[in-house]
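Worksheet: the structure to be examined is printed underneath.
By letter and in written order, the chains are A, B, C, D and E; residue numbering begins at 1 in each of them.
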Amino acid sequence: MSEEKKITNTIGLPPGTLVHVGEEQSKKISISMIEYDNENLTRKEITSIDECFPISDTDTVKWINITGLHEVDVIENVGKYLDLHALILEDILNTEQRPKIEDFENHVFITLKMLTFDEEDYEVDLEQLSIVLGKNYVISFEEKAVNALDILLNRLKKNGTRSRFMNADYLAYCMIDIVVDNYFELLDKINNRIEFLEDELIENPTSDILQDIYELKRELISLKKSIWPLQEIIGALLRLNSSLINPSTLFYLEDVFDHVRQIMDTVDIYRETVSGMLDTYRSSISNKLNDIMKFLTIFASIFIPLTFITGVYGMNFNFMPELNWHLGYYIAWSIMILITVGMVAFFNKKKWL
Amino acid sequence: MSEEKKITNTIGLPPGTLVHVGEEQSKKISISMIEYDNENLTRKEITSIDECFPISDTDTVKWINITGLHEVDVIENVGKYLDLHALILEDILNTEQRPKIEDFENHVFITLKMLTFDEEDYEVDLEQLSIVLGKNYVISFEEKAVNALDILLNRLKKNGTRSRFMNADYLAYCMIDIVVDNYFELLDKINNRIEFLEDELIENPTSDILQDIYELKRELISLKKSIWPLQEIIGALLRLNSSLINPSTLFYLEDVFDHVRQIMDTVDIYRETVSGMLDTYRSSISNKLNDIMKFLTIFASIFIPLTFITGVYGMNFNFMPELNWHLGYYIAWSIMILITVGMVAFFNKKKWL
Amino acid sequence: MSEEKKITNTIGLPPGTLVHVGEEQSKKISISMIEYDNENLTRKEITSIDECFPISDTDTVKWINITGLHEVDVIENVGKYLDLHALILEDILNTEQRPKIEDFENHVFITLKMLTFDEEDYEVDLEQLSIVLGKNYVISFEEKAVNALDILLNRLKKNGTRSRFMNADYLAYCMIDIVVDNYFELLDKINNRIEFLEDELIENPTSDILQDIYELKRELISLKKSIWPLQEIIGALLRLNSSLINPSTLFYLEDVFDHVRQIMDTVDIYRETVSGMLDTYRSSISNKLNDIMKFLTIFASIFIPLTFITGVYGMNFNFMPELNWHLGYYIAWSIMILITVGMVAFFNKKKWL
Amino acid sequence: MSEEKKITNTIGLPPGTLVHVGEEQSKKISISMIEYDNENLTRKEITSIDECFPISDTDTVKWINITGLHEVDVIENVGKYLDLHALILEDILNTEQRPKIEDFENHVFITLKMLTFDEEDYEVDLEQLSIVLGKNYVISFEEKAVNALDILLNRLKKNGTRSRFMNADYLAYCMIDIVVDNYFELLDKINNRIEFLEDELIENPTSDILQDIYELKRELISLKKSIWPLQEIIGALLRLNSSLINPSTLFYLEDVFDHVRQIMDTVDIYRETVSGMLDTYRSSISNKLNDIMKFLTIFASIFIPLTFITGVYGMNFNFMPELNWHLGYYIAWSIMILITVGMVAFFNKKKWL
Amino acid sequence: MSEEKKITNTIGLPPGTLVHVGEEQSKKISISMIEYDNENLTRKEITSIDECFPISDTDTVKWINITGLHEVDVIENVGKYLDLHALILEDILNTEQRPKIEDFENHVFITLKMLTFDEEDYEVDLEQLSIVLGKNYVISFEEKAVNALDILLNRLKKNGTRSRFMNADYLAYCMIDIVVDNYFELLDKINNRIEFLEDELIENPTSDILQDIYELKRELISLKKSIWPLQEIIGALLRLNSSLINPSTLFYLEDVFDHVRQIMDTVDIYRETVSGMLDTYRSSISNKLNDIMKFLTIFASIFIPLTFITGVYGMNFNFMPELNWHLGYYIAWSIMILITVGMVAFFNKKKWL
């Protein structure tokens, strides 16, 4: 629950104070400026954010991608140029921010979580992606360089693709689509983890596995909690009725909305699977106890009458006729073997063997 | 959970890219063109999709059924003729698509899941059925040849039936009705499976059955998840207010809607039944442990005092009067028999026997 | 779950096909025609349904009651005379139909379930009652002769009662009221069953009772599922705004609505009670195991040290001083008795006895 | 579940039949007539209900309180004077009626449940309080004399209090407020019961306590079910928009509404507490079993090797060197003591002691 | 559950009676008057509440903070000056009041709970904070001096901060924000407690921990119950449409609203974690029982055959050839060692060691 531990960082500060909440990073912020229309695409790495502004009023789509959030004044400058609300800037910097959408006259602000399943610690990691969508521009803020945005860039580079024909709102949609696609990847990895634990559970049900299953269960709950706001955001976008979003893009957003619901369903099924694993674990413990007790019972029950017989002929009465019989000892053994056979047959009939 | 494993196939691709997601198939796509009105019905097997278009503006109902989705260009051609949206084509091809309905000016697009219960693996298999409903035509896309559509064709062949009098929307309704009827069949098979497992559970409650029950439980959850969108789709159709759907057909759709809700209820009752089976399994394990321990306790408790008595007369004290009694040995046996009878009576009274 | 087994009977048939779904019956259909106003009431047993139609447009209330659904053509004729929709006729004949209400211009169609608790099999039996309410008539269709409608007839026979002053819609309300009253009777019987099982559970908690409790639990779920549509139907009637239902009758319907909600609450409390019984059963098994193990532990713990002492003096060392003591044997017995008393006191203090 | 047992009393009777459903009472009905305005308050005990009617159209508030419901004709007379609907009269008399509110042109009818926790049987008892609120009068019907209405009367007797300034609707509000206050008292008593059972559970967890806890759980569910309609009723009053309720009274009703929600929350917390107690009970049984088995295991494990050693030297081999050693017997004892010490140390290390 | 115990304090009193419900305090009430605008800030400690009123109609924001609620007449005076409703005054004084919001023409009344986690008793303590927001003033009522309001004052003291530019509604928002921030702190402490208990659970799972976990669970439920009304209050503020709240402040309120939802999510995840801990506890008890029984079974199973063998050669038959063998004793030992080794190998293979 690493995300919960940091929640108090901004407590006591007045609202709107710009503080980067997240891991400190020494690397410099990197800024890319991509500008494209149907025919041309240019990409520039920029050192100072001031080069990008003011955003020219041409028909080309401008995409400014800012990687790294630890230089507060860069974000502050963007805010000044675009006239962003102080709380929006706080939201961009606070990487513990709940996903949200805010609709303004000149821009729409969206902040999302990109989830990746860390396959070493079996934990879900969260990266925040904030998007400011304007008339002909998209500004994206990411904590670390995320592989996903590179994919988007590569797609844009191809001439004649749909992305190149469409407006800035379609670019924003593409980002959301990539984030949602990421969830599918995550589900896939969680599925692998579930299958691994299911196998472990059958082969070697230790109490460590119990801990692992509970952790997985918790990850799934936390996952569900983080998909809810995503569903809300896309739902809000669909109902937004903003001039910034074209009707043709709405249709694509509906498609993403469907994907999010499919993710929700899958998470529910996974949760049920994990609950089943916990039950299986408990049943396996009970079964093991049954096996142990069955063994003890069978073993003890066979020897108890035998030991009794040896006890009988170990008594020291002066007058015990059997002791003087020549075959007495052998008869005693025979009786003991008969009893053993009888007991085994009895347990066999009871299906305990 | 075979359907989950394939979910990542289209990740990273730009939205609207036409790729067939599903099992590869070498068989050629087969296309049927059925045209009928109240008096005549013609059926043609077609080799090239271009023969069907443009759809003539006559009053007859045209039903084009396309079996097999692996030839992307066929689907693409249909899309071009009917002016279908790129995402609709993607949905037709992506057999992992969540059931959905999309309403356009000139056509309504519906994609459904046909469920069949594979009685060998005890798994629910899904086949996708997509329907494009236009003014006087229905185009249906199915992954594999589904038995159900043949039934529909046979019904159409009979002159004078209601299907022949009604419009294309009624044909689409018939398809939905057949899909829903399929769910009933599925429930019937699941019921058989439940009854089989219930019997097994009583006769021979092994931990394998536990696995089977959990699998069934998961199938039921997954089933419920797939019926939800079906309910939504029919509900959406009822509220659609589209000129493509006649009021008289609405009434039939309400009937199907009721059926879907009945299916939901039945699934809930089945889930409860399966939960009860899990409880029964757990109780049977506890009962078994009780039986084992009862046996051990009774057995041990009877012999413990007997063995003690043999121990007493096995002591080597020089002066032990009983040892010299002539009937000492027989008296010892009598005491031991008395104790045994007493213990049995005691356990009998305690109702442990 | 007898009702589920029949659900596939109409699969594959075109919608609206008139087939009687239910047990075959050889007895002839019986048709009663009751006609009444404030002053007169006449009752006729009718052989052919054609005698009833067309329904005269007088102010008297006409009630046609049809018992038995196996003669499809009778129902079909009613349909023709009243211009009933084909699906309505199908619903009347399909006794597995989910309760529903359909509002037409000239009549309202309601189909309900009459539940009875079979006290021999401890199962809930369902009888279907369909009602067609017109301007001045009510047609009721019942599968078998139901005692409840006789009660209604007797009530009508009394001059000057409210039923005689009111219109056909009040007659329909009375039928619904009787169906709902029936649920109360059912709850009463289920309550008896619960109390019986509760007593059994305390006196003799066998695994058969577990099965009985689960069955009861399932009946309650199935009951709840069948009350839901009833609530919906009455709710729909209240909102219907049909000219066929007088405002004065609405008030009575609200009363029935309240009753249905009370039934829902009671079913919920029963379900909770049954869940508690299952918990009690499990606890009783655990308690029994504890008792068994306590007995074994106490019994074994008392004899274990005694047997050890007899073992000590059963050793054959040449030099064992105690063996030669004259009182050695009695001292050994004294020690053993002391140990026994001590152990008993110990277990007493531990409150295990 | 005493209330459920009576539910069938009116089954089979035509709706609106006036029958007193509840315990038979021989005491006569008592009728009080209180009339007050800001300056004067008069109270009369009345023998015949006819003295109260017609209610004069003055500005004073008239409160007629009728205690006892077994004289049906008294209630019937009230109904005639006020023109109450037959079903309302039935609701007043049927003390198993679900709490409800009915809004008429000239009066509002409210029926409530007054709950008291019987501290002898630990059961929740219900008394019904019905209120008819008119323009300048309130008629209250109670099953038995309830202490709560006396409190209200005493409050009214004080000159210059708010109650005296306000209209009849405020008087009705005061009654509802007293009923809700009663719930808080009930919660307090349930809290005591919970604390008592919690203590018992720790000191002496018998299976009787399990029964008590389940009963408490059931009472809480039944309590929740009876608060739901109360919440609905007050909510309905708030939305009623009736000329009979002044805006200034609405504010007070909102306050009661808040109280009801607080009661709901508290009941939920209590239910959770009781669930926790059930879990604790189960854990305590498991812990007890562990203790028993630990004892047996430790005890048996210490003596098992000792008894084995005595067995070894109880063997009758002719040639056993130890038997002839002079210190053999003492050496055997030493070994046995050593083993005992070793075992104790071992169990100590395992933290089983 | 200390808050529940006091709930009956005002039962039986007429509504609106001013009684301080809460712990009695002897300290005098302290009143601060802070007045500020963008340029100046003055703070006065006031002895009589009358000095503050009437509130001058200037543009400066006036903040009157009253600490201590035990002097009823002070509160009553405030009520008179501001024309507060009697029930509002009752709400201010009743510290068991459910959080609520009331909207009047000239002021908005909000009452909130400030939660602190008492790290000694591991209990959640509640302090009530009531706010009256007027056109240019905020009156805050707190039970005890709360650290949080000092923080707010310090923030205000800094010239040029946003708080100083904004109106009274922003001041009220700041108070709500601080209350919500407090919840995060609380969650942090609960997180610590969870982690502590998780560690304890693994190291030393006693039944005391079970009690601690249940207490924590109950605290979380009670926490959730107290966050619900907070969410409602802020939601109501957002929809209030009151002239007292500026649109610019709404945006900040939306931010707090998001925080509250994040708190809800975290509480849900914590609840799930605590449920998991309970399951772990139960599993650890079962595992312990398994360990105990495994030990007993292994230990007993090894010695049972050995003791049998010593019994055999302890028998007193006259003719037992082995007894006369010279190596008989050593052979017996060899057999016993062999059996021991065999049993150990067997248990090793079974993975019980």
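One rule holds for everything that comes next: contacts are C-beta pairs under 8 Å (C-beta built on N, C-alpha and C of every residue); 3 or more make two chains touch, one makes a residue touch a chain.
Just so we're clear, the structure is a prediction, and the values are computed from it rather than from any experiment.
Its C-alpha atoms superposed on subunit D, subunit A is turned by 145 degrees; the angle is given in steps of 5.
Put simply, the C-alpha centre of subunit A and that of subunit E have 27 angstrom between them.
Per-chain CA centroids place subunit B at a distance of 43 Å from subunit D. Within subunit C, residues 286, 289, 293, 296, 300, 307, 311, 314-316, 320 each touch two or more of the remaining chains. If you draw each protein chain as a dot and join the dots that touch, you get one closed loop, with every dot joined to exactly two others.
Around the closed ring of chain contacts, the path that opens at subunit B and continues to subunit C reads B, C, D, E, A.
Residue ranges on subunit C touching subunit B, taken from their complex, read 1, 4-5, 7-8, 11-12, 14-16, 85-87, 91, 97-98, 100, 102, 207, 210-211, 214, 217-218, 221-222, 225, 228, 278, 281-282, 285-286, 288-289, 292-293, 295-296, 299-300, 303, 306-307, 310-311, 313-316, 320, 322-326, 328-329, 332. Subunit B contributes residues 151, 155, 161-163, 174, 177, 181, 184-185, 187-188, 191, 251-252, 254-255, 258-259, 261-262, 265-266, 268-269, 272-273, 276, 279-280, 283-284, 286-287, 289-290, 293-294, 296-297, 300-301, 304-305, 307-308, 311-312, 314-321, 352 to its touches with subunit C in the complex.
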